[in-house]
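Okay, so here's the structure we're looking at.
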Amino acid sequence: MLMKILVLNGPNLARLDIRDSSIYGDLDYTELRQLIESSCKSHGFEADIRQSDDEATIIGWLHEAADEKLPVIFNPAAFTHYSYAIRDAAALLTTPLIEVHLSNTMSREEFRHTSVISGVAKGTIAGFGPHSYVLAIIALKGILG
Amino acid sequence: MLMKILVLNGPNLARLDIRDSSIYGDLDYTELRQLIESSCKSHGFEADIRQSDDEATIIGWLHEAADEKLPVIFNPAAFTHYSYAIRDAAALLTTPLIEVHLSNTMSREEFRHTSVISGVAKGTIAGFGPHSYVLAIIALKGILG
Amino acid sequence: MLMKILVLNGPNLARLDIRDSSIYGDLDYTELRQLIESSCKSHGFEADIRQSDDEATIIGWLHEAADEKLPVIFNPAAFTHYSYAIRDAAALLTTPLIEVHLSNTMSREEFRHTSVISGVAKGTIAGFGPHSYVLAIIALKGILG
Amino acid sequence: MLMKILVLNGPNLARLDIRDSSIYGDLDYTELRQLIESSCKSHGFEADIRQSDDEATIIGWLHEAADEKLPVIFNPAAFTHYSYAIRDAAALLTTPLIEVHLSNTMSREEFRHTSVISGVAKGTIAGFGPHSYVLAIIALKGILG
Amino acid sequence: MLMKILVLNGPNLARLDIRDSSIYGDLDYTELRQLIESSCKSHGFEADIRQSDDEATIIGWLHEAADEKLPVIFNPAAFTHYSYAIRDAAALLTTPLIEVHLSNTMSREEFRHTSVISGVAKGTIAGFGPHSYVLAIIALKGILG
Amino acid sequence: MLMKILVLNGPNLARLDIRDSSIYGDLDYTELRQLIESSCKSHGFEADIRQSDDEATIIGWLHEAADEKLPVIFNPAAFTHYSYAIRDAAALLTTPLIEVHLSNTMSREEFRHTSVISGVAKGTIAGFGPHSYVLAIIALKGILG
Amino acid sequence: MLMKILVLNGPNLARLDIRDSSIYGDLDYTELRQLIESSCKSHGFEADIRQSDDEATIIGWLHEAADEKLPVIFNPAAFTHYSYAIRDAAALLTTPLIEVHLSNTMSREEFRHTSVISGVAKGTIAGFGPHSYVLAIIALKGILG
Amino acid sequence: MLMKILVLNGPNLARLDIRDSSIYGDLDYTELRQLIESSCKSHGFEADIRQSDDEATIIGWLHEAADEKLPVIFNPAAFTHYSYAIRDAAALLTTPLIEVHLSNTMSREEFRHTSVISGVAKGTIAGFGPHSYVLAIIALKGILG
Amino acid sequence: MLMKILVLNGPNLARLDIRDSSIYGDLDYTELRQLIESSCKSHGFEADIRQSDDEATIIGWLHEAADEKLPVIFNPAAFTHYSYAIRDAAALLTTPLIEVHLSNTMSREEFRHTSVISGVAKGTIAGFGPHSYVLAIIALKGILG
Amino acid sequence: MLMKILVLNGPNLARLDIRDSSIYGDLDYTELRQLIESSCKSHGFEADIRQSDDEATIIGWLHEAADEKLPVIFNPAAFTHYSYAIRDAAALLTTPLIEVHLSNTMSREEFRHTSVISGVAKGTIAGFGPHSYVLAIIALKGILG
Amino acid sequence: MLMKILVLNGPNLARLDIRDSSIYGDLDYTELRQLIESSCKSHGFEADIRQSDDEATIIGWLHEAADEKLPVIFNPAAFTHYSYAIRDAAALLTTPLIEVHLSNTMSREEFRHTSVISGVAKGTIAGFGPHSYVLAIIALKGILG
Amino acid sequence: MLMKILVLNGPNLARLDIRDSSIYGDLDYTELRQLIESSCKSHGFEADIRQSDDEATIIGWLHEAADEKLPVIFNPAAFTHYSYAIRDAAALLTTPLIEVHLSNTMSREEFRHTSVISGVAKGTIAGFGPHSYVLAIIALKGILG
């Protein structure tokens, strides 16, 4: 049986089709979901992939993860830089949370160099496009043994 | 035939045996090398693993990587936070350089939140202990694949 | 007849059961509600207690308070540190708004030392755990006479 | 036939009736809508005027504008100062987005001097009360001309 | 029998009669003392109320509180913003110290937004005029209760 | 009869012909003047358009506007960022002063994000190229209208 | 009859005899007192000249000035840079307080460039050695008519 | 015979008639000149009083003072806060230069708290309205003996 | 005959008995005095050991040292971080002043990293508990020969 | 035939005779001009050497250089540190502009460490006294071939 | 038998002969070594004194100290201010490390006020010239008992 | 006979062949050496040209220059921005040291705007590509001339 994990995506990530492909890669969101799903399966996870532009919805999902003790792969997108509310929700987890980014945020605009989430994440993977998620899945597998 | 890659480790990493295992994990440096080597092999790479406490030596290795067009997995350790000389060397590469950290630097002391290397790296993987290297190897495979 | 007041709670406060009890106290959210309710009653108030992880919902409640001229006891939780939208909503009130915090925010992480809400609050009560609310109720009674 | 444009208003703007008229002008929100509508009509636009206190809703509207290639007049209100999520959504547009403010934000509190939106806007109009919108409509006409 | 507590007031507080009543309230210092005294009595405390403009005197009183294990209600007034000597003295207490302010310091001049005392206080109550002390007395009762 | 207004242009604006047209638009200064003039006429204003690279000259013109109670449209160009002398002169006006910029200064270099003039302006219009002036003329009509 | 004024001197000023005469001038404190006294007399004032190294003593003297409605000439010496307690005391005055300094503090060490007192002083005179006091006496005469 | 001194006034000071009299006092510039002139005469100086809104003109006057070894009383007005060119000119003097301000700049806007001139002035007199000049004249007399 | 030296201790140091022994060591103040005394004797000094929580008292002692030309060993405790008045007093000495700290202040809270005293001290010894004083005594012996 | 170049000198440079020779060298301005002229001639340039204390005049000369496509050697003197207006003018050039300084500005006061001009200059030569100009002339020769 | 300790000296310390003797004292490096050696002997230590300008060499020596459990006296010289690599090496020690400086770094240039080493040192001794080492030897003796 | 000078090049400069030629010019390091050599010869110098990526090696060469009293032309490359150890070594020279840069560092990334070397250099030449060295050679000739 597969272990369930949550894969949470923050604001604007459902619109990869129209985001700058030189920064965010060539896949659209449907393709990204398929990549994550199949990668999860081949590593023994069942992915529950969700996306929201809404801070509160993401907070709710993190609560759900805390309640059901689900590991989380999380791309906070722009919330990375200011949502202390999401940080506090992520801090509730007793399971590992892995922060992922499609782009290498540290080589972009100054405001993207700060993450208010990293302080409560297990680890961070950034800059590998859609592959960042695959790496996070493998990382999770490594952690959960 | 295996593709050669450089795996470069910065200052103090050869002394994992005596570093705080709650931060840096339980492997000593010899075990870390073995993990990297075997992981490389199983992903089709031949790892040339090196460690130095010396800034100039690392710069030289990056030049070598630039000349021989070798991909690089690089844990700059404390050099992460101030060695612009290494940054300039890393910028010479036309092959991908992946920055790795054993610990999640963003959740440690303030001075560890700044990386002068990230700006010229393809991507960053931090916080997964020795497994950070394995993930970087897989990331490299994804990129070169 | 009891005077109605709004008691508004920001993100993650409904999950007191799983938050760090050394910081947030031993009551769960249901118990906190009961404490607030009974304390309100014994001071001549009818408490309308609400919690939301959603910035817009809280803004709406503050508008409601402004319209119905209801006094407000408000624990903005993590929104304390960045939600200027909530600040602008709170500024609409002509009735007193009291800012409360379970923990003593000024003795925690640096980012918790800033409140964008205090500037438009009547007063602040922080650090007394669930009792912070009781004190705010009594404060309100003192103000409203 | 009229060209459709989106006129988006951020948090607390529906409550102009109770905001400080010395800062925000004398019109209530219904009157503001009427002003915008009639001004649009007389300049050949059909205004789709919306207001939300909710960050995610505004992000959704900006996605809609991106999809339908609608020009946008946008008063981000307090979101101006911190919502990088909205900034990222606005960056998706290929049509012009004009930032408007009722008040002259640069002559108010220090925190209102920073706009995280301006960097992705075509231009900014601030300080003319409800007339700021009329000017933005005319500006749009000039651009789309 | 009543439990003894110390109520300590910092510089200029004895001169409430001539301080700006729109900020500090309408009571003079004698009336404030009477309010504190009677409020203490009705909550089972015997108040030892003291005021000094002198840093060293206040340090001495905090030492006394530490020695006699007395709870403390403390309005550090302007010392709030720079007296690390008082902070170190307050840190000696094993009984709770509650920081009070007549005004809401966070909505006044920038320099009043910093408290070097809060870091070693149990909690803070600010902005309720003389009633801030009454709330602190009740808070103390809750803690010791 | 037309109402006279001053249209003041700061340093380097007479040389639009050689400034970067991707930032400042395609008109040269003569064409800009004609645009402003005709736009003024059609809105019932007589434009007195002036340009100077000299701080003192601009200060003098602002004094003239103060004496003759003339409304002012003002593009301070680079003086925007440091001329407190011009700010003090602009503060003398009892008629409205509108700050205009050809480019969207907030999306350019960091030093262009600060305006020492905005604090004493009625409003700001930036980013619409030469059309910024037309919008300011219309804004003025709205204010004086 | 002569009008009484207070001339208050802060820490270390009684030891002018051993302070650096290139900065503080050639008079010792007794001579400075004589200069102030005679200068006061010739301008119709009776000087009550005091010096203290003690913050609380100076606060008390400012209270006395507030009670007796005495004008004050005040050299806060090193307290200039951090004593908010003295600032709050000075703010109680309804008579003018003039800040004086022997040296030109703005041309000395960085920490001497900040005055927490100036914000509540009528005016400041700095850099004229003992003559700074004479000028302050004359200034007071001008103000009090 | 009278000793000649230069009294230099910076930008906007000729327009005292329309500046905020609560800040700058009740005299207009002609009256200010007369006050300075007569005060100079009665102290044995012949005042050469000049005003300019032009940085270069003031620099020229300072050169003249340097050449003719004239003492200078200087109100740099808004140039106080940024004109390093004037600072360098003032540094050429071998005679004393006294900085004067009508208002107490340290109690006004933040940007007025910095003086780039003070570092090369003999002393500073601020906050006494037109009387600041009289005090400077007396100060000069004291220095020149 | 023994040479007299002053050993001055700042606020809260007399209460070593109740300060955190993991930071301040195991001796109480009486034992610290005895250690200093006997160490002085064995190095040829007669120690005049004093402690005060009062800034002015310490300033007075420094004046005494200046007058009697006594060398000083000084633990300014919390005054280290803000008392410019003490700094100015210490600057009067023509004999060496050695700054000592029980704890290694640079490895504690951020605010303890700044010393306003060091700038006028001969040298600093920090982190050796009570032994810091012994080292200072030996240092003094080295300097005084 | 000689190629014409502009050599522009900013405020106070005509007064080298009275500036601190330990910083600015021993030549007076006439001698500096002669040095520049003869050095130009011997390198095939005809120098048009100008000096002004006036920002606008220098802006005008830079416009002239832009129009006539003249290379420029420019010592902005104190304008270096704040004149964005001159920066914008310098940015208009399509010919090389070389920034020169007599002194090594980076080893002087903090405010001299910032150049707002360097960002639009080809290169910078500082610290060689009058010889800085000679080097710039040779540099120009190198660039123009 | 003597206990072995390492005495490590950072960059440029071997060249004391040509460093500013008013800052670094009168001994040359050979004499400094002799002083340290003899002082060690007389306190029961055998000093292994080393100097290197090379960061990696010093890191290696600290590793050696960690392996052989040798106490360390360390003058990091300029590495004090930026070498996080050395800090990480020093953090490996389980024996005490004492930081020494010849000069009182806190009274020199601003950049010398920061030590990245102190955070992992037992204590600091600065300002006593060569005698700083002697004090450190005695300090070590005190610690090691 | 030719006077010997040292020409020192910092990290990565030997790899000019693969550095961005739009920033660093078209010459490779061998050609740069030849340019320097021949330019030295024609100005009467014998160039000892060295390059190292190693901080300690460069420090050693600066010591050598100090010992042999050799003038130095120094391109510190990335060490410019953080190597205080090299700064201290450069400060030992009694002969002139000239700082050179191929690129105009002040117009590149923010971190390149700071030089910790300039404070101890005679002068700086930046932005002229390989020709920067030629200018430095001529500068040296002028100084030693």
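Per-chain residue numbering starts at 1, and chain names A, B, C, D, E, F, G, H, I, J, K and L are given in the order in which the chains are listed.
Just so we're on the same page, a contact is a pair of C-beta atoms (placed from the backbone, for glycine too) under 8 Å apart; a residue touches a chain by one contact, two chains touch by 3 or more.
Keep in mind that this is a model prediction, so the values were computed, not measured.
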| task | Going chain by chain, each one touching the next, work out the least steps from chain B to chain D. | result | 2
| note | Chain-touch separation of chain E and chain J, in steps, is 3
| Gap in Å, rounded to a whole number, between the CA centres of chain K and chain D | 63
| request: State, to the nearest whole Å, the distance from the C-alpha centre of chain A to the C-alpha centre of chain C. | output: 31
| Between chain L and chain F, distance of the C-alpha-averaged centres to the nearest whole Å | 48
| said: Where in chain A do residues touch at least two different other chains? | reply: 54-55, 82
| said: What's the complete list of touching chain pairs for this entry? | reply: A-B, A-C, A-D, B-K, B-L, C-D, C-E, D-F, E-G, E-I, F-H, F-J, G-H, G-I, H-J, I-K, J-L, K-L
| field | chain D-touching residues of chain A, taken from the complex the two chains share | value | 10-12, 15, 18-19, 52-55, 57, 77-79, 81-82, 111
| How about chain A: which of its residues touch chain C in the complex? | 54-56, 59-60, 63, 66-67, 82-85, 87-89, 92, 116
| Residues of chain J touching chain L in their complex? | 104, 106-107, 115, 118-128, 131-132, 134-135, 138-139, 142-143
